[in-house]
Amino acid sequence: MAQRRIGLWLLGAKGGVATTSITGIVALRQGLTGTQGLVTELPLLAGLDLVQWPDLVIGGHDIRTVSLFDEAMQLAQVSHAIDADLIKKCQADLDAIDRNIRPGTLLNVGPAISKFADVDLQQKQETPRAAIERIQADLAAFAKNHQLDQVIVMNVTSTEPPLESELPTRWADLAKLLEKPKECPLAASSIYAIAALELGFPYVNFTPSLGSAPEAICELAVERDTCHMGHDGKTGETLLKSVLAPMFANRNLEVMSWVGHNIFGNMDGKVLDDPVNKQTKVRSKDRLLKQMLGYAPQTLVSIEYIASLGDWKTAWDHIHFKGFLGTPMTMQFTWQGCDSLLAAPLVIDLVRLTERAHRAGDRGLLTFLASFFKSPLGTTEHNFIKQFAMLEEWAERVGK
Amino acid sequence: MAQRRIGLWLLGAKGGVATTSITGIVALRQGLTGTQGLVTELPLLAGLDLVQWPDLVIGGHDIRTVSLFDEAMQLAQVSHAIDADLIKKCQADLDAIDRNIRPGTLLNVGPAISKFADVDLQQKQETPRAAIERIQADLAAFAKNHQLDQVIVMNVTSTEPPLESELPTRWADLAKLLEKPKECPLAASSIYAIAALELGFPYVNFTPSLGSAPEAICELAVERDTCHMGHDGKTGETLLKSVLAPMFANRNLEVMSWVGHNIFGNMDGKVLDDPVNKQTKVRSKDRLLKQMLGYAPQTLVSIEYIASLGDWKTAWDHIHFKGFLGTPMTMQFTWQGCDSLLAAPLVIDLVRLTERAHRAGDRGLLTFLASFFKSPLGTTEHNFIKQFAMLEEWAERVGK
Amino acid sequence: MAQRRIGLWLLGAKGGVATTSITGIVALRQGLTGTQGLVTELPLLAGLDLVQWPDLVIGGHDIRTVSLFDEAMQLAQVSHAIDADLIKKCQADLDAIDRNIRPGTLLNVGPAISKFADVDLQQKQETPRAAIERIQADLAAFAKNHQLDQVIVMNVTSTEPPLESELPTRWADLAKLLEKPKECPLAASSIYAIAALELGFPYVNFTPSLGSAPEAICELAVERDTCHMGHDGKTGETLLKSVLAPMFANRNLEVMSWVGHNIFGNMDGKVLDDPVNKQTKVRSKDRLLKQMLGYAPQTLVSIEYIASLGDWKTAWDHIHFKGFLGTPMTMQFTWQGCDSLLAAPLVIDLVRLTERAHRAGDRGLLTFLASFFKSPLGTTEHNFIKQFAMLEEWAERVGK
Amino acid sequence: MAQRRIGLWLLGAKGGVATTSITGIVALRQGLTGTQGLVTELPLLAGLDLVQWPDLVIGGHDIRTVSLFDEAMQLAQVSHAIDADLIKKCQADLDAIDRNIRPGTLLNVGPAISKFADVDLQQKQETPRAAIERIQADLAAFAKNHQLDQVIVMNVTSTEPPLESELPTRWADLAKLLEKPKECPLAASSIYAIAALELGFPYVNFTPSLGSAPEAICELAVERDTCHMGHDGKTGETLLKSVLAPMFANRNLEVMSWVGHNIFGNMDGKVLDDPVNKQTKVRSKDRLLKQMLGYAPQTLVSIEYIASLGDWKTAWDHIHFKGFLGTPMTMQFTWQGCDSLLAAPLVIDLVRLTERAHRAGDRGLLTFLASFFKSPLGTTEHNFIKQFAMLEEWAERVGK
């Protein structure tokens, strides 16, 4: 893939996931860290001619003007999650990337998110179409200034409230709504998706927000001959559900109830403390059990903000199941993972795989990426091992 | 499969696993219980023409002369694991099955097991060949008296010490050793296997003991045109390892250490309290991580006898893994399952599937049963979901 | 204490706690069970001349007309919490006690409770004073028919919604309100308390409801020369908090956050599923940390209804604390206890100790019983070991 | 206490506990850290005129010649336990303290410890008496060079194997043995104790090794008009046992079994991997349950070395208890604490309190310090809250 230069455009570029992804790419480029957590560095995905670290150029949108270095140091000092020395070695590169970050949009993101935005942005008034054009100008300038062969747009913003109204199912009808700010219910994640896809840039939605999921936007992607995927990165508790639930199903152990309590203390946690935004997240986490088990056990999912935990998300799951002769038994697990560090390598993997898929001619939804998402679009497969087999098959096909 | 009558011959017929399996079959026959835990009752295994509950006739060997009813009541009263009322309804059937149980053999089982045997049996002196002939006479009488079309021999005895010496790899050479009691290192589990296979009866080893694993015995099975499989039923902690380890591997999360502590209080626990017997078990539990991860993390497995737990086995596993940027994270789980109730449905599944496979012409090792075993013979696949796919493929082939 | 006969009058006499308490007393009387869980059977409380099992006569109020035997069998069959055989042996006695149970009152208990009541009771219209007189008639008849020397009234009803309005602080003023149903905000727990105390009978509130806590009712108790105590039996998670929090405090380990999630599936759980009633409970559970630590860490307490658990309450607590050099550390615990079986022995202890204290001349609030309550009235001591020392000191004084 | 200068002489001065204690004192002196974990900084111990940070002078013995700075950086970089920046700010002070550390003795410490020692020390041959004189010369020089008013000798070396032979009970007889290297079974911890006490310096044994526990050495302490205490700092799992076991006892909940599995990866862990040394530790951890409960439940304690954990000790405890009506219930906890950081503040507390007690005239065993030890000498009280009350009473007496 000599000479190709690839842009990674992060939506929410100053957030915890983006900061960690960027720091990770910089550290990998400088040879400062290992490749743990990167699926694309597994031997079985070797030989795919994926984009290499020096060929990735990073930019993005955000609603805050903090510096990437300061954000990264927070992860070191508050959460004890990244080594401060490593971040210091990355500072010059982080500062350079800061200069590629432009003001984002707050369209319909709700007060739980917009209250963190810069004042200027909070006061901005623009139609959805105007926002799209502004975003496209940013993307075009980024591609031109850095002489990029491709730009992958990746959504890692905070979770938006769920969209309650219905959308037109055809792109032509949805496009008209974009001129009418009061009638258009789309929030930022979808506005960004439209902006990217119209330009033919692949779009990946790592969050539970709506993004490119609407049928009309899927139509747009195909029409512009590009690809996209989502949504909601499968990082911790749900990843575990997607290997454990198939085990219970295959052993005919009847899951009577599955309770999952999640506590964590990062910015994402503050946003999710708003019950409206939380609903989007909980729905995404709770959906897959029925699909994997074939029946719906009683479930309970909570996500709560506990400041002292910083970026460390702790989940406790209690699974009550009925075994032979109807005897109830119990499995419990706790998961103590650093949220941003679980998400960041998947973001990097998705950039590499999406770019490669586009290059290989894949268009529309990239369902072979199902293993990366809590709610993968275009497939009902939630069994992680089977999802991973889809990735392996794709790699075999592309790698030939 | 009308008119076919199938014998289930249990080695260790009065132990916890056998007692629960027998009680379960009786209860299923009487319509007293549901089918939770039975893999063969999953919709995706329907249509295979498996043996039905009324067509199963049960007998076996044991080294103790307690009654099945009393053993089952222990599980109700000491372990709170089975409903006492259900057992009482099964009493007449259990008493009838008691009459089909013959004295087993103590050859090379070691003192931790033989101390529980009846005094008569402890004093018996016979060559391996004589023991085989006695066992075969019991099996033949069972088949004849009950007009059976097939007998499946299932080993659910206590764990024997590991065999430290080398065995001849050809059946002809091993057969000669059976005449020489002092030179023959084979223990009961293999003696039973030879007895069954020589008669052409399928043999399944649900325990970590050696059973039919030696190459020479595999040769015998093929020579007598029959089938067999083992070993060590995958019931609890190891089942979890076989779905969790692939998840860590596929996500490139580096497992640094995996500690598993198991406590339980049944008879099996007492036998495993002998360090020699425990070694056989721990080896079987510890082996698969390296095969699934591709490298060997530091591991620790303990199994300890805690009387108050009765048949409830509790496992605590602590998995320490390295994520992105080298950050250590932790998963812990506890598993509180009733050992006999986890094992019994698998025993019943194995009888049905082995009988069906033999009828379908399968000979030698039944590797499609890998998902049922901690150390499946004839395959290196330990990923539970992939093992289960092997079962599904078999079912598809046979079910046509 | 020869010849003295003591009445135990249970409010909520058919609920899980009462049913278990009654079954326990009957089983103890018949010598069918041990004394685990009974504080009053500890050697260090011997020699206090407490009421013996044969001298206890049981009656009560309830809002449902189920039978005690059926309720007890539920605990055996649904929750696997009590041995069914034991209950069957108690059946005759339980049936006899059923005949001592009278219809209770639903005054201001809220819909989450009243929906479980018999239809007759739901339609009953009476002033608080009329309800009190009806209750007193029941109590007087009970005492007379059974020739009782004393009656202890014990509240084990479901949790009422919190009282939001202010009450008069003098009994004379509160008494007037009882004639005015629309102005009187008191709920059943306080109505029962007034009924008992006016007759000079001791009253104990085992629930988080208001009961005898109002200052005016405390005045009544003293005026009628009797004693009372409450509230909210300290059975599980909070008991643990009351030994663990002092440990963190004494070691100067700074608790940054304490999260407690509780799941259970009994009738109490259904009532607490109503957010209004839950509030009363959560307040009671959450209050004591600040008092024991001397500062308020971030806390989170949830109580959720999970049907499959029956009477088994499972709590997961996550305690995040800062150690030397500011390093964060973590303690987690899970508690799997049978709610009714943890409460019942304390109810029995409280009857015996309250009766003895009254006999010894104690009047007003029995603060020496603080160790039994989540929110003990009349004391700010929450450290369990120090509370227990108060009991020991009382026993020493009385036992002389 | 103006003008008084106090020496802290650490045995095992380069080990994890000592390194952390020293770093902590330096950091406190420089105002770089808070006082979490220090019992002596609790408000209720204020006003005791304890030694202040600038008045503490530190020295010690060790068997290795690594630098304190390097050891401290290990805790930062391997275990993520201390902030590296803090250590760098302390470097000059740590280097200065390095110069006060002298070669220790390996007498009877066993191969698991001596293999870590410098080669010179491994080859040294001296009688116990000669070792004592060498140690005393070091102590005297330290006191003189730094013009110290008092020296507290604190043992934080690795755990020695248990002493299996009997010792003379009178000091006069034991003293004679010190001349006979082959007959004297005393190991280093006791040799150091004798050296200190003979000079009248207080001695505190923070390890499970024998130290000053023998009756003859207690006699020596009194004879030389000084004080001492031990043994085995109560830092984690045992601290929890000492609050939880009294709770079970006071509630008459019958503990049937208590299982505790400990895993950790520091140097102490390597030494304890030797089964002989481990025995000393396990005995100390296991002893107290019977004393607190009044009966002996089945117990199991394991301590295992898991390299990846570094200084983080993780304990899983499973407590199986019988409640009312004989129903079994379960409590489990996990404790994730940094071993050195839990121990260090207690070491500092013990120095301050021991110095103060000696100044107040306390001689012999300082039993009021029981709350700091797993196996406190001179008392059978193991209930932490009651032990803490002993400290409070002492503080009240001394503080007047």
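Observations, loosely collected:
Note that the chains take the letters A, B, C and D in the order they are written out, and that residue 1 is the start of every chain.
Here is the rule we go by: a residue touches a chain if its C-beta (ideal position, glycine included) is under 8 Å from a C-beta of that chain, and two chains touch if they have at least 3 such contacts.
Quantities reported herein were computed from a predicted structural model and do not represent experimental measurements.
A repeat of the B-D interface exists among A-B, A-C or B-C. It is A-C, with more than half of its contact pairs matching by residue number.
Counted by C-beta pairs in contact, the busier of A-D and A-C is A-C.
With centres set at the average Cα position, the gap from subunit C to subunit D is 45 Å.
Subunit A and subunit C have centres, each the mean of its CA atoms, that are 49 Å apart.
Shown for subunit A are the residues in touch with two or more other chains, namely 80, 330, 332, 334, 336. Across the interface of their complex, subunit C is touched by residues 80, 256-257, 259, 261, 263, 298, 300, 302, 304, 306-309, 314, 316, 318, 320, 328, 330, 332, 334, 336 of subunit A. Against subunit A, the residues of subunit D that register as touching in their complex are 80, 84-85, 334.
Contacts from subunit D toward subunit C in the complex involve residues 20, 23-24, 27, 33-39, 41-43, 81-83, 86, 239-240, 243-244, 246-247, 250-254, 294, 322-327, 329-338, 341-342, 344-345, 371, 383-386, 388.
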